[in-house]
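When the chains are written out, they are named A, B, C and D in that same order, and each has its own residue count from 1.
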Amino acid sequence: MISFMNDYSECAHPLILKNLAEHCYEQNEGYGMDRHCKAASDLIRSYIGNVEVDIHFLNGGTQANLTVLSAMLRPFDAVIATERSHINTHETGAIEGCGHKVLSMPGEDGKLTREDIREAVQFHTTEHMVHPAAVYISDTTEIGSVYTKQELTAIREVCNEYGLLLFLDGARLGSALASSANDLTLRDLAWLTDVFTIGGTKNGALAGEAVVISNSLIQKDFRFYMKHHGALNAKGFILGMQFETLFRDRLYFQLAEHANELAEQIKDACVSAGFPFLTRPVSNQIFPVVDNETIKRLQKDFAFEIWEPADDSHQIIRFVTSWAMREEQVQKLVEAIRRKN
Amino acid sequence: MISFMNDYSECAHPLILKNLAEHCYEQNEGYGMDRHCKAASDLIRSYIGNVEVDIHFLNGGTQANLTVLSAMLRPFDAVIATERSHINTHETGAIEGCGHKVLSMPGEDGKLTREDIREAVQFHTTEHMVHPAAVYISDTTEIGSVYTKQELTAIREVCNEYGLLLFLDGARLGSALASSANDLTLRDLAWLTDVFTIGGTKNGALAGEAVVISNSLIQKDFRFYMKHHGALNAKGFILGMQFETLFRDRLYFQLAEHANELAEQIKDACVSAGFPFLTRPVSNQIFPVVDNETIKRLQKDFAFEIWEPADDSHQIIRFVTSWAMREEQVQKLVEAIRRKN
Amino acid sequence: MISFMNDYSECAHPLILKNLAEHCYEQNEGYGMDRHCKAASDLIRSYIGNVEVDIHFLNGGTQANLTVLSAMLRPFDAVIATERSHINTHETGAIEGCGHKVLSMPGEDGKLTREDIREAVQFHTTEHMVHPAAVYISDTTEIGSVYTKQELTAIREVCNEYGLLLFLDGARLGSALASSANDLTLRDLAWLTDVFTIGGTKNGALAGEAVVISNSLIQKDFRFYMKHHGALNAKGFILGMQFETLFRDRLYFQLAEHANELAEQIKDACVSAGFPFLTRPVSNQIFPVVDNETIKRLQKDFAFEIWEPADDSHQIIRFVTSWAMREEQVQKLVEAIRRKN
Amino acid sequence: MISFMNDYSECAHPLILKNLAEHCYEQNEGYGMDRHCKAASDLIRSYIGNVEVDIHFLNGGTQANLTVLSAMLRPFDAVIATERSHINTHETGAIEGCGHKVLSMPGEDGKLTREDIREAVQFHTTEHMVHPAAVYISDTTEIGSVYTKQELTAIREVCNEYGLLLFLDGARLGSALASSANDLTLRDLAWLTDVFTIGGTKNGALAGEAVVISNSLIQKDFRFYMKHHGALNAKGFILGMQFETLFRDRLYFQLAEHANELAEQIKDACVSAGFPFLTRPVSNQIFPVVDNETIKRLQKDFAFEIWEPADDSHQIIRFVTSWAMREEQVQKLVEAIRRKN
């Protein structure tokens, strides 16, 4: 059984484990004040240029999201996001747990639009309603689509117009940046957002999300927010060592490119098999619409998620590829799909 | 410079890194539903006997504390702890961040007493005050002392008398169990507490705390609490793999014994040097009272924490030993201390 | 200028002020433990029959809603409500401020349906999502519609099916019970809901909502929740005295009947004038669709709310009548509307 | 039975009820935007001079405290207060419910000292601990003592030194300002604090606390905080009408003077009877130390609170006088006390 369920099934890239092993007995400062966190930050900063960003390393996506939004919002402030965004549906009320409403908007192709934001702001006009104060987007989105530079710039402009903070959740940022549909760089993200994250968990690390903060007001006391939410690791250097490895010699980008290429092969097979897609497949998640019989046949050898029903005889399914997946595993799936013809 | 600052300076025991490396490309279930978490739980359960406990693996101490107490308390419920307990002074308001008051009591030798609990409960009598609903203790305590079975049993009894839940924070449980002053076992802890943790971060793991839940009411929806607080890791198996290694062949206990033995050597040197102690040194943290001149001399070659002033010419300092420390490192400190004579 | 803006513009019914004045210097127990709160509870209970309900008096609607829902929900629990419900749009994130997500569903004619509830529950299946645990409805609804006994029974059944608590916000319950479309009694409400409120603020009181709790689990520590949220009044007897007056000799019902009858007169005028309605007008709030010219003309002498645009030349407006409004005030509006013809 | 239990036993001063009755059917703007709230604010402002303060009217003390502190503190910020302060012991965790730690300090004679504040700030030095950001005091204190201008100025100075906000809870401010030991004015309070409250509940109103905000940063969005915590009353004008009455013709001060004078008479009787006091009696709460026999005798005709045991045969008791109490009621108590001799 080969799993295409997700991109967090495997342990970590060997180079990461090697870096940890090499510093096994080295004594480090605690709580992220060590040289590895500094080196990893400097490496990431080198991609961003001379923007003065602060970088912190957290354990996972939900933790990063709740800590960042907690730092962005006052009790009555709300965050605007798409209906199917991770913070709205798949974080067990973590943002509400910090006291904040998630204002859910329809979005388009999984992406939040300028119009969504405008509508949410214009509806909330008085102290009888929450005050929209931040925008949350993710790149790639929940359905694998990616933002273009033009789209992100448009969102930034509407944020500026209404005094909103912009937070981009990059749990799958590697795959986004490696997408054929992408024209954004880390430098662009640092300029266009107030905070964005670079996901390690789904791209080669044991775990870890780098939180990149451009906005100096949010930089100021961010470590207090981290500790307050249980997100300040005693052994912060473990996360530092991993991002050090990922951003030295472009490993982070190579792993994402690898995953995207494998997804491309599956996509080609789906196209050949005549499967339509929920949305244009451009990253390491693809969502073909497949007939029930084929699904049943594929399930014998492959694990994947049934996303949602399409019609009586078809379902939308999800294939996810990862940094760890090998060409031959994908080939088996490709052959199985093509067998249909 | 050799550091005796803390026990979370070094990466992880080589056997742990080896276990991770061996399963580098293995595909695992996400979110702690994998075979490694199961194996680690079974190994821990084998020490506990046939008590039906649930075991979850979280990232760190503050995260474990806030998640457990959040699961134990209703909005108006409070937790009783010593004044200098970690939750009261060193978690940046994480428990209050979940809405709950920490009722701080003086304690004795770093330990909460039956009388502390009784007093806290008896003071809070009406709906105009918080309702004491849980007791938090840590073993070892903040000053390295340990609970005896008699003391813990006494606390359990007063908890039963007043309907309080009992939570033992075992961030340094390894050192406690390996202490010459200890007569508790993991089995005792499972019987005497509602929840306790087994700290990995400070005893050989990259990071990780095992949360052991005996109380079935708290077992029921604990994964919801984890996710709600950002404590449900996509790659839960990374933590599972580590505890699997720690509890196979007693590694967890051996590492703690090693740390305690090294602390014992430092203690002996301090005794020879005529240094008194803040409290009887029985674990991997010892707190000698040292004159300022000696402190200055030691600081040239060794890092350690100045705990608090004793008098005009003396300070209480803290030496912490760890699983990773080598005999020869400790010998250098021992010699430096003895040089005084 | 006569105001039809809302039903909380006027002070309080003279009988209420008289009752307060008569007991001006009487010494009462504090915090709602007085004889007036008891008498008021007994009077309300007499309408409910022998159901064992607990009754508390709070200051206002948002306070009542957040206190009740806080008592119903654990941190990861969510409440199901319509999109335009008061808790979802007009309480400035008060429910989220208590840590809970409001799951908003479309509803029908302002009312939550059995299907809404079913859909919300079925979408939330795992610990990665919030857990729907309660249902919030209001009677009358935000657009003045009312629930029938059949509709409320259907909601109760689906709540039972899924283990959900049911909370009915009766900020305008007087008008609902006095509606021609209503077939529910206070007794029905006590049987069909876990908690419901009887709004005094909008029906003759200075302020005050009676919270009626049927569910014994929520009864138990409700006063702790009240105090925790700043809702336990030192002078609880002030609220008790008011509800004593309202429920002695059916004053509460008479005031609501009066308001509804006045609304009926306005409705008749609107029908004569050929205005359609947003929804069937059955309570003290009516929502005619009126052309801009007429609106402009009416605004010279009358205050009312512009609810939302209907088309380029028409708007939906809201007329609210109250217990305090006099026949002749309404006649003036009626004449102004009829003048159109 | 005459009650000296507290100062919130009676309804409201007749002039207040008269003002309400006179405007019984007047139509007012909702949510505190009415002319009565404006008039009341202007009257209070006239005592303060030309300081630009914002004034809001809330329902009660706990509500005012939690709303103000919520507006002052970020999630990891803490408030410094005395151990026995209302927010620390008698608000059922309301401040913690908003996510904030109360840092309790010993105080002196019920009052927080400059040294308390200094010590609390100096203990909290890093992001591993909460950040002291505000100081909470009450005047009169829990034991009836009052702050002098010199003491309050000293507290302000240490607040300025450390960047702390200062909040004075004036639930019994009337009695404080009318105390023989007082040299503060409303004008001083507005200059020396960031926020203070003027308690109506315990000084003649049905209920209500005026929140006076000098600090423009806290002024800005305070109505959002009010609504978020359920403290924005639909009929805000009810509170406005009451403070209008209290501050027209100095009624507020007269009522407090009356209560203090009655307390003075009881104090004189206690002195004659040879009773010592917990603290110097200077306001409407006095705390004599009385032998058990006398207590038993007094309890036959008078209700009062047993505060805490003094020794085996004596207890500290509390007599509270109020605006509503009549001379002859107090005379009966005075006679009963004197009978001892």
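In this text, a residue touches a chain if its C-beta (ideal position, glycine included) is under 8 Å from a C-beta of that chain, and two chains touch if they have at least 3 such contacts.
Keep in mind that this is a model prediction, so the values were computed, not measured.
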Between B-C and C-D, the pair with more C-beta contacts: C-D
Please indicate which chain is farthest from chain B, where distance is taken between mean Cα coordinates of the chains. C
For chain A and chain C, what's the span in angstrom between their mean Cα positions? 43
Taking each chain's centre as the mean of its CA atoms, chain C sits from chain D at a distance in Å of 33
Chain B to chain C: how many Å between their CA centres? 51
Chain D, residues touching no fewer than two other chains: 75-76, 91-93, 97, 99, 127-128, 131, 224, 227-228, 232
Once bound in the complex, which stretches of chain D touch chain A? 31, 70, 74-76, 98-99, 127-128, 131, 221, 223-228, 232
Would you pull the chain C residues touching chain A in the complex into a rising list? 75-78, 89-93, 96-97, 99-102, 104, 127-131
Chain D-facing residues of chain C, complex: 2-3, 5-6, 8-14, 17, 20-21, 23-30, 59-67, 91-94, 97, 201-202, 206-207, 224, 227-235, 237-238, 241, 324, 326
